[in-house]
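Each of the next two complexes has chain A plus one other chain: chain B in the first, chain C in the second.
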Partner chain A sequence: MSTVLDWRFAARLAAGVVGAGLLVLALLALTSDNVPASVDGLLTGAVSSDGRMAQWLSYSSYLMFVGASVCLVFRVGMFSIGAEGQVFVAALAAGGVALALGPSGFALPLAVLAAVAGGAAWALLPGLMKAYLNADEIVTTLMLNFVATFAFAFVIKEALLPDGAGFPVSDYFDQGTWLPSWGTIPSSLVFAILSCVGVSLLLNRSRLGFRLRMVGDSRPFARANGYPVRRLICVAFVVSGAVAGLTGAAIAFGGTHRLIVGMGAGIGFEGILVALLAVNRPGLVPLTALAYGYLRTGGEIIQITGNVPRDVVVVLQGVLIIGLAALLRRRDARSRTPAVAAPATEQPGTAQGDVMEVTR
Partner chain B sequence: MTRPDDMRAQAPVVLELRDVDKHFGPVHANRSVSLSLRRGSVHAILGENGAGKSTLMNILFGVLTPDSGEIRIHGEPRTFAAPKDAIAAGIGMVFQHFGLVPELSALDNISLGAEQTSWGVVDRDVARAKVEDLCRELQVEIPLERRVSALTVSQQQRVEILKALYRGAQILILDEPTALLAPQEREGLFDAVKRLQRTGVSVLFITHKLDEVELLADDVTVIRHGAVVAEHRVGTVTQAELVADMVGSSTVALSRTERVPLGVAMAVRDLSAVHPTSSSLRGVSLELRSGEITGVVGIDGHGHQLLCEVLAGVRPPAGGELSLFGARQRRWGRARAMASDVAFVPEDRLSAGVAKHLSIAENLVANRLGDPRFTRFRFMRRQAVRRHARELIEQFDVRCRDELQPVGSLSGGNVQKVVLARELSTSPRVVVVCEPTRGLDVAAIASVHSRLAAAADAGAAVVLQSSDLDEVLAVVNRIVVFREGEVVADVPNGDDVDAKVLGALMLGARLAEAA
Partner chain C sequence: MYLASVLELATPLVLAALGCLLTVRAGVDNIGIEGMMLGGAFAGAAVSTTVFGPWGGLAVAAAAGLALALVLAWSHLSLGADFVLAGIAVNLLAAGGTVTLLFAINKSKGQGADDLASDPLPTVNLSFLDDVPVLNALADQSPITWATILLAPVFVYLYFHSKPGIWIRAVGGNAPAVVEAGISPTRVKWLAMSLSGVFAGIAGAQLSLATTHTFVRDMTQGRGFIALAAVYLGLRHPVGTIIAATAFGACQALSTLLQVRTTIPTDPLAAFPYVVTVIALGVAGLRSLRRRSLAAA
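Here is the complex of A and B:
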């Protein structure tokens, strides 16, 4: 990559950031009671107090688990959007185990295992359907998300609701299962970063990951090299489901400390965003998750301090993310321009195809 | 009296390119290209893959804009910002990969975007009348009501041509139009082009096949490394001279060598197999001998390609026996075949031959993940993988930046070198190779052929499936002809066998009649 191009990229990035900033200002000016405070809240809110910092970091850690999980399936060429459902199933399994065991030294490890198994099992379903029936994984995972979400609510309301509860929750777990934190740093953050590193090693360094990436690049190629393609597709779903399952455990034992209907809702989709921003590289997920979490926390703060409507905050985040994603994509597409021949010009379709594939 | 040829030479110039230049970053794709196309002539643009032919045509069709230079239509300078400007100027383009809507009928595809409407409703009758006129003029038949997805490749190509003519194209650009056609279909295309020519349409014909230039073109412009290196009238130039222009030297063509086959490497008996788009194999019995190159040929979809897939283990046999060095194989699959040293070069190079977004180094170890040289404790040994890649790049003369370059950014010939390097460097005992030189340039073809010859000389049983009969005749020792899923001939390749004989066998003649 030549320096000229990098310089141009920097200029374009700066222009994009400034443009997005102006748009954000305009939106805030239209809606906020106190524009300077809102801007300040958006930019520094996440570090304005210990509590908010802890909120930012633990939220980011959840995003990291999901982001790593999503990177894994996407790199194998499977557009699974089922992390949301896997998180719910995992949380339910973990919560069930924790509540059943009560105060016990084994409660937390067994509950985490249950979360992993629940997420993996919930992911295995669309994996099998994809591998053996060639069912579109977008459709199956999306539908299974609904099943998981409502099953979660159903089980809590029907089986776990304590007497006299005002809203649909379970009992608190035994305190021994609560994840510790060090000052503002939750322990889930450490596990989340380790998960990202683990997924990265699995994908990029291991033999299994090598095979998975080959399947992701071209299934005919994997078949021609004797790989068990169907089994590998299932493995990809299962491992990614297991990692997504960790999110469920992290939220339950690090955040809510009990099961609440609606807990962690939307995390599966935000995890997809984080993975896409990281260009499906699990090694970059901690960074994009922290950045997105920062923005997200700031957005929640200005809803309170600046009285900015929630919808506007979501629009703001959308604007910033679309701008950033477009810039990253453009750079990514450019860095693929060939060195020897110019296939992009020989086959006008390819360049577009790549972009489609990634953003699909 | 003037012959039509001479009249064409005098015909007015309809299209002229002057000093067209185009860069893509550091790549100089077109260097000061000038060209003139005369009315009613077929003008071939000949060049190797990556010579800049397609870039030039994309400039002509308004897909790309040149950095400098001029396009003149009927003597007037024009600039094309988009294909619609080129279409308005009477230029029509038939891309190598068609841009048709599979769900729509042939007729709707032809008129799409240029529909006749009355009161906002598409009036198909007007379009149909016009298209039928065009078909009559060209003497082609297309089932206009049929959906494009149900048409054959050559019919789809005609739909593309008709689509261009429907929009009033007087200058037609055909980008490697024979790449996907069977020999018989090629004849049909050439006839249609000749009839078009008589109606005054001028054709720019992009190709890298020498015989097509001779068969069809009046003029030929040879492009190498983006620049025009020669212009000829067809008939005043030999193929050898054209090759010399294309590759810069006049050494090509590898003739077959006599080989004494060793024992039987692989044998099938009464083999059957099924495939969605090919004739099923029925009762195929065949012995493949070590140290011999066997060519399998047939009309597209008559089972010879399917046989290769079964031999390589990527498609399961439905019945019959398959044995390897005398041992009957019961559970035959690709993994098993690989463990038995059966190498496979698939037909679809860019999807099955390589993982194109991944690096050369990774592609080169994809078939040897069990080798402890490359893995330790289930993890990849990256330095060993890269070292191995550098060795093979050197050995197989892959032209690339380094071993970490994605395979998809290499030229077609170098992609195939990567595939061959991976498959042949394991010293296989059986090599199944499908369409190994499709779309490659002369130099790359020669390199592929010498690799296959070397494998056979080293004692492998080589199976070559190719739709290029000249290639088969030039390389193999023995030819097996397939028709409708059955072996109809199994003959040694000798002076009494030529493309005509094979063609007749493929079409169903008996051996005695064919010879």
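Here is the complex of A and C:
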């Protein structure tokens, strides 16, 4: 693709963002008594105090992990929307390990390992089903999100609930597992940026990454080169699940310091938005996560200070996703030759799968 | 009592699932069905207390579902957005939009609450059935439930025998043949998605105008996704879909019963439809794998 196209793309992107901003303004006008104060809260709230800044940066770090995870799996052409469930399973596994080990120097590293393993395992299932059974990954990951959500709630209510808890939570983890922060900068932010860089290097600079991208761009081409397409699909799911698992660990040890039913809900879908904003490039995810996290934190703040529902930001999410998805598809359609673009238009869910044809 | 609650809870699932079936067969996994239901539930409740009354609410609920479906169809078919992303976007628009409007309405009424009372649809009162075993489940159902029971066979017939039904099934199965026949697959998809929106909007009205008499934020609670699951568990066949959706309704009724009468945890029961559907997708995959290896041998 030429730079000219990218400039045009950037201009459209800017126009879309301005349009979305106007929509938010209209929604605020509908609900707020004091529109200028609400706009001010939305736009500057995230930096209005040290506490809010820390909240912004740590939320952005969660978005970075999950955004990198989504980029990876989308680039391999898999429409997995399962990050949400992977985060829940990972948080549960990590929290379970931390609570079981108590005060121990090994608690945090082992718990993070448990999170990575939990996220990867929860992603492996739909990966295997897609690669070997040609089960529609959109539906399986969506369903598994709910299974994870209910399992999370069930385990906390039945096994981890401390006596006399008024709402479904676990005990606090030992303080030794709490992630430190430097002033307003949480350490999870550093790990999150490193994860984005890591995923970017994996995709763009490694042999495995090249093969994964080939599977995403053109499965017939990957097959013709003798790549193990099915195994690569599974690898993509597992690695993205592992990165999503880090989100669960970051939220548990950097944010809530215990397991709470409903913690992190919706983060999987916000990760999709962050990945889309970054045009599925993990290297850009830190920027888009910070930008979106900024607005998101502003939304939380006007809910508290201005009695405006933070849900106006949810509407914005929807508009942004439609706009970005449309922009991306148009750009792809222009920059790809028809022969390569063909596999992108195949219908998931139809019974005749091309993955199966490898064995025929 | 239990049976009556099964019918009441299965109604929105069956309606939404049949809507979903149309889009799935036209090649689009309609994730946005959840948002369309939510939009319908809100619009129904909001309009039912105005001069238009509950029946006006029902009509507007269908229109709201349709409007959100048109957003989905427009994003996917005209703008070229992927339908998964467009579906997620529709859900976010509905979730955020209903709460924002709820806030605006309650504020104008001087209320701060998270819910909105509705003027419910009158039930179809057949009190002579009260003492008849089994059939007494039908004695006090909403008109939407009755319409679903009576029109489901009509739907199945039209699905197989009407022209639009045949087009929709053909688009997902063999799009080039549809083009050969001089029909635009895109238009058929518009039709399938629009219909699913109307179905979902009415399903939402059942929630806010019949099952409960309020709109509460996020009140669909994943019912749209359960409907999508029912389509796949029902092997993308209308009768299978109706059976699966009804079974999921029975699950929800059992869950409610357990919550009221016992302390047995209901989370596993809530997860059940999703687990069964994942297993069903796996089994379907294994079966087609075996068929292929038999064909190759």
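Just so it is clear, the second predicted complex is superposed on the first by the 288 of 360 C-alpha atoms of A that agree within 3 Å, B and C clash if a C-alpha of one lies under 4 Å from a C-alpha of the other, contacts with A are read in each partner's own complex, and residues count from 1 in each chain.
The rule is simple: a contact is a pair of C-beta atoms (placed from the backbone, for glycine too) under 8 Å apart; a residue touches a chain by one contact, two chains touch by 3 or more.
Keep in mind that this is a model prediction, so the values were computed, not measured.
Of the two partner chains placed by the overlay, only chain B lies in contact with A:217; chain C stays clear of it. When the two complexes are overlaid on their common chain A, residue A:228 makes contact with chain B while staying clear of chain C. Touch criterion met: A:207 reaches chain B, while chain C stays clear of it. Of the two partner chains placed by superposition, only chain C is touched by A:129; chain B is not. Once the two structures are overlaid, the count of chain A residues touched is higher for C than for its counterpart among chain B and chain C. When the two complexes are superposed on chain A, the residues of chain A that touch both chain B and chain C are 347-349.
Listed in rising order, the residues of chain C touching chain A in the complex are 24, 27, 29, 31, 71, 75, 79-82, 84-86, 88-93, 95-97, 99-104, 107, 172-173, 222, 225, 228-229, 232, 265, 267-268, 270-271, 274-275, 277-278, 281-282, 284-286, 288-289, 292, 296. Note for the complex: chain B touches chain A at residues 24-27, 29, 49-50, 54-55, 58, 63-64, 95, 97, 312-314, 333-338, 344, 346, 348, 351-358, 362, 366-367, 369, 375, 378-380, 382, 399-401, 405-406, 408-411, 414. The part of chain A that touches chain B in the complex is made up of residues 2, 205-208, 210-211, 213-214, 217-218, 220-228, 336-349. Here chain A touches chain C in the complex through residues 27, 30-31, 79, 81, 125, 129, 132-136, 138-140, 142-144, 146-147, 150-151, 153-154, 157-158, 269, 272, 276, 308-309, 311-319, 321-322, 325-326, 329-330, 333, 347-351, 356, 359-360, going by the rule given at the top.
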